[in-house]
Amino acid sequence: MANFKGHALPGSFFLMFGLWWSVKYPLKYLSGKMKANCRTSLFYQRLEFVEGLMKAIFSLVGILAEQFVPDGPHMRLINGEDHSWVKLMNWQHSTMYLFYGLSGVVDVLTYFPLKIPVGLDRLSLSLAVFVEGFLFYFHVHNRPQLDQHIHALLLIAIFGGAFSIFLEVFMRDHVVLEFFRTSLTILQGTWFWQIGFVLFPPSGGPEWNQEDHSNIMFITMCFCWHYAIALILMTINYSLVYCFVKRQRWNNCEMDIGIRKLNSDKDSKAALLAGSEEE
Amino acid sequence: MANFKGHALPGSFFLMFGLWWSVKYPLKYLSGKMKANCRTSLFYQRLEFVEGLMKAIFSLVGILAEQFVPDGPHMRLINGEDHSWVKLMNWQHSTMYLFYGLSGVVDVLTYFPLKIPVGLDRLSLSLAVFVEGFLFYFHVHNRPQLDQHIHALLLIAIFGGAFSIFLEVFMRDHVVLEFFRTSLTILQGTWFWQIGFVLFPPSGGPEWNQEDHSNIMFITMCFCWHYAIALILMTINYSLVYCFVKRQRWNNCEMDIGIRKLNSDKDSKAALLAGSEEE
Amino acid sequence: MANFKGHALPGSFFLMFGLWWSVKYPLKYLSGKMKANCRTSLFYQRLEFVEGLMKAIFSLVGILAEQFVPDGPHMRLINGEDHSWVKLMNWQHSTMYLFYGLSGVVDVLTYFPLKIPVGLDRLSLSLAVFVEGFLFYFHVHNRPQLDQHIHALLLIAIFGGAFSIFLEVFMRDHVVLEFFRTSLTILQGTWFWQIGFVLFPPSGGPEWNQEDHSNIMFITMCFCWHYAIALILMTINYSLVYCFVKRQRWNNCEMDIGIRKLNSDKDSKAALLAGSEEE
Amino acid sequence: MANFKGHALPGSFFLMFGLWWSVKYPLKYLSGKMKANCRTSLFYQRLEFVEGLMKAIFSLVGILAEQFVPDGPHMRLINGEDHSWVKLMNWQHSTMYLFYGLSGVVDVLTYFPLKIPVGLDRLSLSLAVFVEGFLFYFHVHNRPQLDQHIHALLLIAIFGGAFSIFLEVFMRDHVVLEFFRTSLTILQGTWFWQIGFVLFPPSGGPEWNQEDHSNIMFITMCFCWHYAIALILMTINYSLVYCFVKRQRWNNCEMDIGIRKLNSDKDSKAALLAGSEEE
């Protein structure tokens, strides 16, 4: 979908995930540090399950949208008449969504007691991001200079993300890597919107001169500004979460001693159950 | 052997190893997790021995085939008449097989009590894969665009595999890396077949237009589909192994207590033997 | 600021930081090894705070200088008349300073009890260096050969530094990495000066022939010499610090036993305070 | 020195070091594994000292040879008459030797009680190898195709070695990395000889056709053969060392018990001394 909506849609997905992670990971990190509450482990496992489900559903929606928009391929790959390929762009986008969908499925399966190896969810996410970058890399040949450049910048965010997530396979729950991934995801989200605004000005404004070197210089710098904004957004969310967790802790303090006993009883029962299940 | 068979043969080798690993590694991982039986360590050592032997034999077969096919070089490197090189393609393929053979030999030697450092088998496999990619990289200069592109995609699978195996030198028995290697090996296998079908259509069908940009776009996407299929194959095999190990465990449960005592006696004897051997 | 001063200024910043680190890290390492004194941990934390503050202030100065020099953009980005960009070079330099500023802010915040994850300061510094290299990379298109080459060499120092600092996220306080970073920072500093001397000879000497291949060969070698000088500078500073710490230890020895008791009392109080603050 | 001797000389240095390491590292590894004798730690420290000294001396010889051969620059850098550079090739080679010399000096200093950080010797060696590759990379512009290609292959061995040694900074005494470094060093040595034979046939034979594609294909493959030969040489040396260490152990066994007491006495005294020195 080479139009404004076709860039705004994935941009919104990435932005949503990025912003959500910019709340979730500080919350997990700070509540872990401050021992605000005890039932967190199970809670975060469930969150990952819901996230995986969302990823899978969004991907399915994406695939269906790419296939069945009015000018889509409607699941036909080869044109019977002249043996040419049908709407390869849409098929490529579907393929990108497919790998994100697979990553979502792995996330969901990890939740079930199938003993799926720890780290496989990160590997599959890393692969999904890599495949996105891989397809984009061969996507933009034979296009004007600015178009190629603006997509090349996107590749930095994408491959940077894929590399960072790959590291998480070996250093799971490393908070700096999680923050790094979050920032790159927000960057990707806002940059998709930027691409839409530059290549398909929605307001009907004048198009950008695609061959002007100073436009390319500005876009390069603009990419850095997007990243700076992503970092500032994360800082704000971190601060909000910090305040929230701190107040939470004060409120909990009084009732804590009473609850702690209750919890420890529950936990030992849960541990027993988990133990017997594992057998 | 620049024909269909010349691509189908190595493709089958890689596919065979990939599929075998997609059974072996889940089995090792799950039976380790579930403590299904105890004599596994020795069992897997023997498997690696047999695997190494197979690798060495296949490589020897490959070298001999490349050298002694009717239009092969028959071990002659220089043409005496005009001082030109004889059949360099076949010599290059022989060289690829040679390094896989060396890797196989190292696997076999690891089995014997020569105190070969742990990790050397992974390094030699990584080198064999790297050499394959290295030779392919310089293999396809001066060819049509589609031919170059389809081999360049192969290089991603190859160098990805070499890198992943190199990591295994330092993180041996890391199950995620083993799964990753397996998936890339299956991908390489099926992609060799794909190359054969595209460049040398066996059914006598029409050849692909080598300069058509949409063919290149399709092939790029097709590479991703191959990988998706590799992942799905691995998921199926994992599930089958999971069911198998689970049932096995139930059957073993009853006789387990009796055997355990027996085994522990045996093991202590074996440990004693190993200890005295190590001295 | 494409003139001699525009290169001498950042060069001096880097050189200053590099030389300072070439004293600080040996001091930290050697006094740690020799247990010269006990209040070091707090001392180095405060140093990092001051360093961060300096970085933030220098960056602010840099931004203001780039914006408000007589021929600067004065915070105007778009020329209202012909919709062209205003002074993009200065804006790009401002962006570089901005990221160093952010890194400084993170350093400062790390000092406060906001529970900012360990390693985030290194990540933000690594990003700042990466952004510098990233902007430089697209900076020098369409310039004469020698100009491009001399900046390309700078990129090696920059990306090498970014990579090395990224490793420090995972291996904090690894003394070899700290020394490596120091050497690359000194190299960057002296190389900025070298660029200034080559491209804008301040003495009014004859300009370098930008297309002469032997000039490029010399500059390549000269880059290595700069690095050799950086290493020698570091060696000298290391030796001086070594002598200083050794003498210090001798002087302290006599009064040590008396002080140690005092300190341990203070430390336990500080630990108590820190503990209650952390609560 | 762009002639046969100019390639044979460094080739011999690398080959000598490579072969020496292919004996030293197996010896260290196997005698460590088999606990053949006890004074090994000090012994290997002394070996590293001698190695460093050799490196420094060889480098000095190399520098002097490059400078003071009859057609060398004799320490003059700029030709006073026409302000041109004097013999930049020789100066570049001198620079390469310089960094190997620095690495040797670091090795030597590590031996003295200056508390030089562990790993700095590996870093300086890695830098020396990197600088060699860096200078070679810009060395061969504007040359015939075969000349460029044969040097590009050398770069693979060089940068592979630099990377592998850089890993040793963090994984010191990792036997697989040491073997890998050894194999790449032997490869470099034999490849230098190969370059000499190809570009400057010493026997006065006919020169190679520099533009013939099949020559390039052969050279690519030949590079792999060199590596295979390096691996085989290492295997032979490993086997010889294995036999030697095994026989040694048998001989030592009888006198071992007597000596062990003696040694432990000595060691405890040495430990006391070292302890008091460290104070």
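Chains: A, B, C and D, in written order; residue numbering restarts at 1 for each.
By our rule, a residue touches a chain if its C-beta (ideal position, glycine included) is under 8 Å from a C-beta of that chain, and two chains touch if they have at least 3 such contacts.
Remember, it's a predicted structure, so these values are computed and weren't measured experimentally.
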Any chain that touches subunit D and subunit C: none
Fraction-based call for subunit D against subunit B, same above half, different below: different
Farthest chain relative to subunit C (centres taken as mean CA coordinates): B
Centre distance in Å when subunit B and subunit C are each reduced to the mean of their C-alpha atoms: 46
Geometric centre distance via CA averages, subunit B-subunit A, whole Å: 33
Overlap residues in subunit C, where contacts from two or more other chains coincide: none
Chain pairs that touch, as defined at the top of this document: A-B, A-C, B-D, C-D
Of subunit B, residues touching subunit A in the complex: 29-30, 33-34, 156, 171, 174-176, 179-180, 213-218, 220-221, 224-225, 227-228, 231, 242
Contact set on subunit C toward subunit A in their complex: 84-85, 88, 91-92, 95, 98-99, 102, 114-115, 117-120, 123-124, 127, 131, 134-135, 138, 141-142, 169-170
